[in-house]
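After this come two complexes, each holding subunit A, first together with subunit B and then together with subunit C.
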Partner chain A sequence: MPDDTTPTKTEYSSALAPTHIQPMNKAGKWFWLAIVLLAIVFSMGVGGFIWRWQSGWDDRPAWGYYAATFSFLLSTAQTAPLISAGLRLVAGPWRRPLARPAELFAFVGILNMLWFIPLLKVVPDTQHRRSIWFDSPISFQIWETIALAILISCGLCLLYLASMPDIAAKVSKAPGKQGFPVPLGLSWRGNPHQWRILKLGLVVLGAGYIIFLTFQQTIFASDFGLSLVPGWKDALFPAYHIVSSLQAGTALLTVSLFLLRQWGGLKDYIGLDTFKGLGRLLLVLTLLWFYFWWSSFIVFWYGRRPEEQLLLQLFVSGPIRPLFTLVLILNFVLPFLLLLWSPIRKSIAGPVIVSVFILSGTLLDRIRLFTTAFSVTESGEVIKNLPPTRLPDTADIFILMGGLAGMALTYLVATRLLPVLSYWEITQGKILESEKQFGLRKVRMVAKPD
Partner chain B sequence: MTDKQVLGLCRDADTTARAVEALEKKGFSGNEYEILTAIPYPEGTFGEKPGKHRLYIFPFIGALCGFSAALLLTIGTQLFPPLVTGGKPILSIPPMILIMFEGTMLGAILFTVIGVIFESRLFGPKLGLYDRRITEGFIGLLITASPERITEAEQIMAGAGIADFKHSLTGGNNK
Partner chain C sequence: METEKNITEKQLHKDLLAPVFGFSRRFWIAAGVLSFVLLAAGLGFTWMLIKGLGVTGLNRPVMWGFMITNFVFWVGISHAGVMISSILRLSRAEWRLPLTRAAEVLTLMALFTAALHPIIHSGRPWRTMYWAFPYDFSREIWPNIRSPLIWDVSAIFTYLISSTLFVYIALIPDLAIVRDRASGIFRSIYGALALGWRGTNRQWQLHGIVSVLLAALILPVFVSVHSIVSWDFAAVTSVEGWHSTIFAPYFVAGAIHSGVSAVVVVMALMRWFYGWGKYLRPEHFDAIGKLLIAIALGWFYFFSMEFIFGLYSLEGPEIALRNMQIFQPPWSIFSIVFLLTAFFIPVSLLLFRKVRRNILAMFFLGITVNIGMWFERFLIIVPGLARKTPFTFDWGTYRPSIAEIGIVAGSFGLVFLGLLIFAKIFPLVPISDQKEGQAFKGEIQIGRVKIKTTLQD
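Here is the complex of A and B:
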């Protein structure tokens, strides 16, 4: 029963309206239908994995699509929290609505960890191939696993700490709750000192996530890509993997924000500003994608030694050419030509459509790179023969679909466990903004006190 | 004598700032009052003094611990037993750098999380007065003092424009 001393909604300023906790409690029948459908497709993926497993670990080319799926999950879901962490460092005001949706992707890391473990059985030890482990007897499998575990833990800590004030608000609003909110054993009070520590902690952890993701991607691209192909000496490949991951992570975030806005009941919170910002970021990352790809390509193309020509045939101009052409169109040509136009870039639909292209292109790119690298079974100093191109069989298709469905399923589950928007950051942004008459037009003023 | 608590609820930052100023003029120290908000206001909004913290030390200590542990581990595992691979030196520096980087980052991340929890005093059963309206946008001004001082604090806060109070023993407007 409402207490007569409780102010009505209109007594608060609009920025601090108590409705801000509401959307996270809603889950309609479409949400549960999506969960069921995704769970079915994910179990098909598990079936595909068991099918593949029965043929053993030794047939490395058969695991190429599995590795490509892992790389895609790493490049998209694991990279999305980096976008939030990076934008928090530069304090861009348009980042507030995307902070939590990006950080929630850290939850997908749990699936990634499970996906990663079988891969360790497939790749050979580094002692008999050129790798960043320099023939050391140190087991690279242990350190790859630890690196991924550190990255996932860092992402989850970042997510939990950033969510803490919102969880506290939610807990304190639950019927029958009194006293200080106690989210998962930690008592959040919301005094200025706690806010200061939290904001500083998030910046430090965010920086840690950025640094560690680049490291993790470097060793993954090296151990599961570069070093499997004799003679593939490309110092830029790990950097290319990171840059294309940044592009794909931003694209995934853009599509997720659009879905949350359209069907998640968050239209009032995720506005045009955020999509405009993401559009600009996508354009920059698209140009960077091309720069890194070209810098890597030109060394082999200009060198033209027999082994370099063979490597170009393997990844670019041989039987893989149609796939490569599609990747170039989806990751560079279309995004660049579309985002170049201001009306497209400064809209909601434009960046979302471009993001769909980029995500499709990145998936094909990972298939191109990792199925090819896994298909090479010869050893030695340089590659001598082109291995046959492996087309996906039923198990591969199940694995690919299962991986994508698993990512979406884990994300949807995460939205039920934690507040889907960072309401404290959004509300803080609103109280720091105002409109001012400036000559004949009104302009938005944004205060930046930190 | 057991301290008592009173929680004043304000609708805006100006009233809270006035109340804090008045409390400080009457000799209330920063340890006796606490401002509770649902969102972070710019530092110094209420005239509160910035508290000291040592959060910045935690990542460095963690990084140092992680680096040392990784250094000992990599040297130890390579020296005992000393396996000579292809006539190369026993200590293989490049992979050691990778592992030491992992150790350093693990330590830094772990200690940062511990630092946030420790410096924010997020552990401990120290419960006190709270009102759910704080999560809806009100600003809480919580006073913890002796019973005599509590009455004085309430009068000061009322003088500054705060009308809604909640007390630790009487229960107040518990929500």
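Here is the complex of A and C:
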């Protein structure tokens, strides 16, 4: 009986006293200043795109940074809701404060869809290259678009469903927060049937999001990475892209939670427990990042086939080596060494600093992978020559900055539309917690309903 | 149904120490049957020693057959212990408590059995000694230090040593319990093994630290073992279907899949054989069933990637191999059995709560997964070798001999006999963990139901 463990109306109302919901309705001058600044940088990105567009679709190497930006957004903002969905499935008690901040990133999917469309024009059809679609015409364009559209829809549905009790609890009627969301929550009355549907829906949509993101990332990594480089046959690359995204998505979430805590007035809700949990998760994902990279590298290294040697030069040891070294340091060496140390892992600042490293490393990693893949123009069975390394020009820098600003801007706008925290889940968490005297000290106990 | 809540400490000791302090008829029957199965392996092995590898079905180009398949299979099963004990300990999954020791002992037995297989496979086991020792670094003749085959030995023995340590450290408080109830020479032996355990605060503190440290340190070894086994294959470019970058995580995921399924089988057997229904309850099967769904989905993703990217380059030999695996009997039948038993049947059934809480169903699903996973390893190893060369006149096939079948069957006897003997000497369910679970157990009333609580910090 899932509805038995949900908060009662009285418990819920008391937990949602106006003072508790006040912070998310505040939008001070700093908020608007940030919006304006981000809008300006985003406009510069749009300008960069128009500039790049004027040089035409056929110059594929020129679009490498654009593709890298898309991949970064896919890896971070669109992966963040998965962290919430996954943790909700395994019922980690510390995850409650991060649920909504993570799911709000689903909004960024809309920006990412717009960002994606030009890429379809840039990348050639699969009939003239190796692909997972095996010569089937225009299938990659169709599947990529459908997969991304389903992923975004699933994310938005997940966000809406998870927000419904909070919207209906008149959160939106707090001072300065009337309007748009109110009709969305009108149908919610919090009866047992609705709670049952909600919980089932969250499980189904959460599982769906995990599956669709896995599918989307797999085909993206394959069509826009592997398939562009003749002879690059790496079955692990899509999985590497996913694991790297999980690491970067968690890092983005950690940084966002820190910002919400420091400047969003949510200190009372986002506590040390959440950062400790994220620190542990980041350590695991950092180790996985290295394991996936290494598993791929070692097979090529041992294989010693000429095309594999050339691929290693292309992505690891050739002119790209400084960038790769930086990625290795930022995505593995520093996070691993820092998070291994318990006082750092179990603090608030530690996981946040590590997350900044990881985000920087992932951005560079995406640049390494996608600008390189896009720079290969030769066709055939295997790659024969190393293409020149492409450094960013002004348009590329504008595009990169615009993409990052667009992500932040969309997120900030989303925080004005829906409650920033999942209050019903936090309330439920408080109800499920208790204390027990054990020997001389009290210990915290937590109930985990089915 | 009796619940754990009703169990007193006295009852707990009585139930869980019963196999250690008593001999039941069932024990002798089980030991007899398993010894008989083990004898099959003994006979097969002896025949092979006398006659040489010619009595096996191994022949060019397929020189790795049932024994190497079985080696990979048992290395896979050995991932059960660390998955259940270490990962679930670090992730604080409380439901793991009654399963940990059985899973860890299964790891030990499986690893020991796995390690025997390459030695048996060599045909002249005594020669392995002078192949390996003294180790020849200077002339760089085989065995090559850079070979994954050498890493295999290192990884497996490191894993065996660390797993033994892992089991032993967790066993110390229980050894003290047995010591306090044993008499005569047994009291001295258990006393020596218990290392003077008195259960003081300091001892518990140290025990806790060591357990967590070992749980964390064993994880890299755990991942490395099957990764290295996978690189035995993946580093080879001359065999179709082997040279794939995804092999390491694919093998590890498969190992966890088969290992955890094997734990389900052992859990059901413990419940029936020792009457431990109070300790291994449907909720434990439910939890491990959910875990299995997640593991199976992860494994299937890697399998799909391996398969799709095998065909990705549309190279002739690769297509010939996949064609053989999918369309040519008996390989096609093995492939169907493999996919149905390793993934489609178990996952579709495990989605139902009723199935997850049905012990008999879980027992059969555990066996089903392992049948599938055994075939998976067989389908990776043998067809690739059979189509090793691009020349069709040099293609081969493989038919196992009765000696190899006997050795494979006997390996199951060896593992289960090992478990049975361990349970005769040591408590198979961790008594101290059960007591701790009882002490920390609580309930809170929410709405109309009471929900069990577990320790958060």
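What we mean here is this: the second predicted complex is superposed on the first by the 414 of 450 C-alpha atoms of A that agree within 3 Å, B and C clash if a C-alpha of one lies under 4 Å from a C-alpha of the other, contacts with A are read in each partner's own complex, and residues count from 1 in each chain.
The working rule: contacts are C-beta pairs under 8 Å (C-beta built on N, C-alpha and C of every residue); 3 or more make two chains touch, one makes a residue touch a chain.
Treat the numbers as computed from the prediction; the structure is a model and nothing was measured.
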Partner chain in contact with A:Gly303 - subunit B first, subunit C second, else both or neither: second
First (subunit B), second (subunit C), both or neither touched by A:Gly318: neither
Touched partner set for A:Phe438, first subunit B, second subunit C, both or neither: second
Partner chain in contact with A:Asn191 - subunit B first, subunit C second, else both or neither: first
Touching partner for A:Gly271 - first (subunit B), second (subunit C), both, neither: neither
Partner chain in contact with A:Pro392 - subunit B first, subunit C second, else both or neither: neither
Which of subunit B and subunit C A:Val204 touches, first, second, both or neither: first
First (subunit B), second (subunit C), both or neither touched by A:Trp133: first
Partner, of subunit C and subunit B, that touches more residues belonging to subunit A: B
Overlap of subunit C and subunit B interfaces on subunit A (superposed complexes): 3, 5-6, 132, 134, 431-432, 447, 449
Interface residues, subunit B side, partner subunit A - complex: 11, 34-43, 46, 48, 50-51, 53, 55-56, 59, 74, 77-78, 83, 85-86, 88, 92, 94-95, 98-99, 101-102, 105-106, 108-109, 112-113, 115-117, 119-130, 132-137, 164, 173-175
Subunit C to subunit A touching residues, read off their complex: 148, 223, 227, 231, 234-235, 237, 243-249, 301-302, 305-306, 308-314, 439-440, 442-444, 446-449, 451-457
Residues of subunit A defined as touching subunit B within the complex: 3, 5-7, 11-13, 15-18, 21, 127, 132-138, 140, 143, 146-147, 150, 153-154, 157, 161, 165, 168-169, 172-173, 177-182, 185-201, 204-205, 208, 211-212, 215, 219, 424, 427-428, 431-432, 447, 449-450
List of subunit A residues in touch with subunit C within their complex: 1, 3-6, 8, 93, 130-132, 134, 214, 218, 233-239, 291-292, 295-296, 298-300, 302-305, 431-434, 436, 438, 443-449
